[in-house]
Amino acid sequence: MQRRQSLRWFFLLLLAIACRSPETERPRLSRNQTLLVNLGVYTPGTQLPFGEPLRAAADLADDYCRLHPGVSIRFVQLANVSGSQEGEWLKTQLVGGMAPDIIAQNAEIAWPDVDKGWYIPLDDYLQQPNPYAAGNRRWFDLFENQALLDAKRAADGRLYCLSIDVVETGIFYNKTLFKELGLHIPETWAEYIRLLGVLQQNGYTGLTSPINLGSDWGQDVLFDMLYYPIIAHLDVEPSRENQRQYLSHYLTAKEVVFLFQKGYFTRRDSRWAEMHRLLKEWRSYWGKELKYSDTSRFFLTRRAATVWEGSWFARRLFLDPYIDFEWGIFYLPPITAESTPYGEGAEASVIGGSAVQLHVTESARLYDHLDTTIDFLQFLTAPQNFSRIIDETLLFLPNIRGVESPPELNTIRDIFTRRYCAIKWLETFDAKTKARWRRMLDLFLNDGISQQDYLAHLETIFSDYADEQIAKYKWTFDDYEKIWRKNGLQVE
Amino acid sequence: MKKYGGKTVSRWNRVAPLYGLILPTFVLLLVFNYYPAFLAFFRSLYEWDVGGKAVFVGLGNFYELFADPIFRKSAINIGKLVLFIMVVNLTVPLLVAELIFMIRSERVNYALRVLFALPMLIPPIVIWVLWKFIYSDAGILTVLLETLGKPEWIYGWLSHPKTALAAVAFTGFPFAVGFNILVYYTGLTQIPRSILESAHLDGAGPWQVFRHIHLPLLRGSIKLLSVLTLIAVLQGFESVYVLTGDGGPGYETIVPGLYMFFNGFTYNRMGYACAIGVVLFTVMLLFTLVNQRLLRCDTDYTPEKKRRRPALKLRVHQPRV
Amino acid sequence: MDKPTDRLLRSFSYLLLGIFLLLTFYPLWFMIMTSFKSLFQFYHNFWWPTRPLHLDNYTRVFKLIYPYILNSVGVTVVSVAGIVFLGALSGFVFARFDFPGRRILFYGIIGLMMLPWILTLVPAFMVVKQLGLIDTYWVLILPYISGGQVLSFYLFYNFFESLPEELFESARLDGAGVFQQFRHIGAALSRPVIGLVAIVSSLSVWNNFIWPLVTTSDERLTVLTVGVMRFSTAYTSGSIDYGQLFAGYTIAALPLLVLFLFATRQFMRGLTAGALKE
C-alpha cells in the first residue's frame, strides 16, 4: 500500500513535468530576432569522435551578436545528415515555413525544390562587397575555387548555396604491408592491377572504401581517364571563364542528354563498353560487400591493404593510438595502352568538391530577417573568422582566400591540384534516375546481370531521363548542334 | 433484448452515457487518425508533389502501380519475407514457451519469462547495426568461413543478389520474439488443469500432449500472432533501409513499404506513395478477414462463459504511431 | 517425474533454453560492452571487451541527454496513462454493452490497426500544424494517445469480453451506472491487461523517432531518440563513435527497464494468479 501511494505521487510529479508548457516557463523569443542556423558539421555542439564538442561557430556567433545588439543566433543540429530521415524532416519543415534560416545540405537535394521558392538565390548578394573581409570588393571573389560554387548552380542557373570548403580523397595504404610484400606505389593502371592481384594471392583485399566505389568515385575516375582524349570535343557547352583551372570541360546533364542522342554512352560506344570492362575487372579486387562502411575496421585490422577515403580520414588515423602499421597516401595511376586501346596516359582526375554547402531558406524572408542572415554569412566567411572554424575541425580544406589549410592535410592538398573529373555521373541526375542507375550498377558489379544487359538497362534509364527533362525544361540543342558539327566527332 | 437497470429507463437515457464514455476516444481518433487517413486515401487519386500542386488523376496511380515491375518485385520480396518470418516467428517462440512451460519451479519459470521478454527493450537499430557488422567484409561470418577454409562460400552478403534478401530475413535470428513467447505462454496457462491431468492419467507423452491438446487450444494465440506478424512485416521497411539502404542490389531487397517511402520522400510522388499505402492496407484487411475464416475456432472451453453480445473477434495489430 | 527419460528431457530443455537466451541476449551484451569502448578501441577490437573501460562515455552522454530523458519520461507517462485509460474505458463499453452503431464503430476502431503508419505521416503532420500544436508537448502526447489507444482498446475489449456476465449482474441490480461498473469491477480486475498495455505502448512511444523528429525542433522538447541521434551524428566515415552511441542507447533503455520490471511482475502475477482463467 505504502509503495502504491508513493508511486502515485511519483506519477503525478511526472505528469506535472510533462504538462508544464514551455511557453509559460520562459517567454519564447520571437523568431524575427533569432536566426536559426545549421552549419552541417561545423554546427557548434557537433561531437567529433575525438576531442570536445565543436564551439568555434558558437564563439563567432557571440562575437557577431555583440556587434549587432538585438540579434540572437540559435544553432540547430540536424539528425542523420546522410540519411533521408533528415530529408524527411527538412521537407516537412520547409512545407511548413519552419526550417532554419541557414541549412547545410548537398545542393543536389535542394535542386528539385528551388522552383517552390524554398531557397533564396544568392547571386545578387555575391556581387556586393563583404564588409567583414578587408579590401573585398565582391563577395564572390573571396572564394578561392569559384568553380566549386558555380558547379552547384541549380537548373535555373542561379546559385542557392555557398561552397565554403573543399573535400578531397586519396588512397590510404598500409605501408608496412607493402614493404613486407615488396610492393611499390604503381605508376600505371596495369601495374596497379598486378599489385591488386599480388595482394589477393596473399589473402588481402586490395581496395575498400566507405563510398560505394562502383557507382561513385570509381566510375567517375575511370570515365575521366578513358574519355579525356576526346573530352574537348564532347564538351559542347563553352566553359565559363572561372572554370578554366578546375572544372574545364565539365559535362552537364543537358550535354549528357545531347551526347546520348548522338550515340554515346550506349552499346554502340565501344569506349563506354571498355570502361565498364575495366570497372568490372577492378571490382574483382575490391571488398565483396559494396554497401557497407565497416571499411575502417577492415583496413585497421590489416585485412584490407588500401582504403579510398576522404581528407577527414587523415585526422582519424593521426589520432588513433592503436595503429600498429605505417600508412601513407597515394593516388590512382594513369591508364596506358597496356590496359586498353583507349588508355592514353591521362592523369587521374580528383574526386572531390565542396563538403558543406550553406543554403538560405525561405524562412529568412518569412521572418523578416533576410538581410541579417546574409550579413551573418558574410561575417562567417570572412577569412579571419572562417579560419577558426577550419582549424578547429581539421576535416576539410578551406575554400576562402586568405585562410591557410591545416598542415596535417598537405598530401591531400597536393592531390587537389589535379584537374577535376569531367563528370560526377550520379550527381548529375535527379534522385530517381540516380537511384535506378545505382541499383542496376550494383547488380552488374555483384554478378547479377551481364555487362550487355547492364548497358541496355542504362540506355533505357538515359532515354527516360532525356524524355522527362526535354518535356520539363523544353531543352533545345541547336547551339550544341552547331559546335558539334564543327568538332566533327562520330561515335565509334 | 437486454435489461439494463430498471425497465423504466428509456432507451436514450440508457445509451447516452455509453456514448459519453466513448466520445473522447472518437474525438481523438477523428482528428489524428481518421482525417489524416482520409487525406491519404483522397491523395492517392492525385499526382501530388509535397508542397507543390496536386493534379487529380483518378485511378491513374493504381493502374500505374499494377503495371509497375518494381512494385511487383517488391510484392514478391515481401511475400518471401512474410512466409519466412511467419514460419520462424510463430514456431520458435512456441518451442520456447513450451520449454518454459515444462519447468515446474515457479521462480525459474518466472525468471525465464522475464529474461526472454527483456530484449524487447533493445532498440531495433542496435540489432541491425550489429548484423551489418556481422555481414561486413571484416565481419565474423567472413572470418569464420576463411578459418574453415571455405573462401568460395564467402559473399558480400548484403550486396550479392543471391544472398541479400536472405541476409535481411535472417537478422531476426534466433527468432525467440519475447512478445510472442509471452502470448503463447499465456495461452498455455489458460488450458484448464483438468484436461492436462486427465491426459497425463491416460499416459499421453509430451508430444501427444502437445499435438492433441496444446496445439488445438493454442489456435487463438496462433491466430493473433499470425495477424500481428503479418501486419508488422508488411509495413515494415526500416530493417531493409538500415541494412541495404535502397533495397538493392538492383531491386533484390525492395519491399512495398520502402518503395512507398522512396516515392513519398525521394521521388516527390506523394500521391503514388499514398496509392501504395492504400494497396497495403487492402492486403492487410483481406488477410485478416481470410485468417478469420480459415482459423475459425472455438477456444471457448470455459463452460460457464455466456456469450450475450455478438462476438466481434478481429485480431489485428496497431501500427506504429 | 523420476523417470530417467524425463530427467534427460528436462536437462535438454534447459540446455536449449540456455542457447536461446545466449543468442537472444547477445545484442544486449554487445550494446553494453561497446558502450564502454572508446572510438579507437571499437575499431581495433570489436568482438571482445577492452580495457581501460571508458566510463566517460556515460558521463559525457548523460550530460548531453538528461533533459531529453526527462522529456521522454514525461511524454511516455502521460501518453501511456491516456492510452490505458481511454482504451480500457471504451473497450469496457464495447465489450459489455450493446448500443446502436456498436458494430460499425467497433470496426471503425479496429480497422485503424491496419493503416500503414507512414501513409498518414505527412497528412498527420499537416493536421497538427493547422491545430498549432507544433513544438508543444501536445503534439507528442495527443497523437500517441490517439494511435496507441487502438491496440489498447482491442486488448481490453478481449479481456472484458471474456469476463462472465455474473460478475456484473449484482452491480447492475444495485443500480450501478456504466462508469461505476467500469471502475469497481472492470478496472479492478484488469491489472494484468494494464501491465501488458503499459509495456507494449511504452515501448512504442519511447522508441518512436520519426514523429518527434518532424514535429519538434525546440531543444527544450527534444526527446531521447531524437537527442541520441543528434549528438551521435557522424559526418565522417570510420568515425562513428559507437561507444557513446550505445552508451546513449543503454541509458535510454534504463527507465524502460524500471517500468518493465515493475509492470511485468503485475502482468505475470496476474496471469499465474488466475485472473485470466475461468
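By letter and in written order, the chains are A, B and C; residue numbering begins at 1 in each of them.
The definition used in the following text is that a contact is a pair of C-beta atoms (placed from the backbone, for glycine too) under 8 Å apart; a residue touches a chain by one contact, two chains touch by 3 or more.
Please read all numbers here as calculations on a predicted model, not as lab measurements.
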> Given which chains touch which, is the overall layout a line, a ring, a star, complete, or other?
Replying inline: complete
> So which one's got more C-beta contacts, B-C or A-C?
Replying inline: B-C
>> Rounded to a whole Å, what is the gap between the Cα centroids of subunit A and subunit C?
In response: 39
>> Just the number, please: Cα centre separation of subunit B and subunit C in whole Å.
In response: 16
>> Using the touch definition from the top, which residues of subunit A touch two or more other chains?
In response: 88, 95, 295, 297, 301
>> If a residue has to touch 2 or more other chains to count, which residues of subunit C qualify?
In response: 46, 122, 126
> If you look at subunit B, which of its residues touch at least two other chains?
Replying inline: 50, 133, 138
>> Please output the residues of subunit B touching subunit C within their complex, sorted ascending.
In response: 1-2, 4-6, 15, 17-19, 21-22, 24-26, 28-29, 31-37, 39-40, 43, 50, 92, 95-96, 99-100, 102-103, 106, 110, 112-127, 129-130, 133, 138, 140, 173-174, 176, 179, 185-186, 189-190, 192, 206, 231, 234-235, 257, 260-261, 264, 270, 273-274, 277-278, 280-281, 284-285, 288, 302, 304-306, 308-314, 316-321
> For subunit A, which residues count as touching subunit B in their complex?
Replying inline: 84, 87-88, 91, 94-95, 112-113, 116, 118, 205, 208, 287-292, 294-295, 297-298, 301, 303-304, 431-432, 435, 438-440, 442-443, 445-449
>> If we count contacts the way the header does, which residues on subunit C are in touch with subunit A in the complex?
In response: 39-41, 43-44, 46, 64, 70, 73-75, 77-78, 81, 122, 125-126, 129, 134-137, 141, 209-210, 213-214, 217-218, 220-221, 226, 229-241, 244
> Tell me, which parts of subunit B touch subunit A in their complex?
Replying inline: 50-52, 132-133, 135-139, 142, 154-161, 244-246, 248-252, 262, 265-268
> Tell me, which parts of subunit C touch subunit B in their complex?
Replying inline: 9-10, 13, 16-17, 19-21, 23-28, 30-31, 46-47, 86-87, 89-90, 93-100, 103, 105-120, 122-124, 126-128, 131, 142-151, 153-154, 157-158, 161-162, 164-166, 172, 175, 177-179, 182, 199-200, 203-205, 207-208, 211, 225, 242, 246, 249, 252-253, 256-257, 260-261, 264, 268, 271-272, 276-278
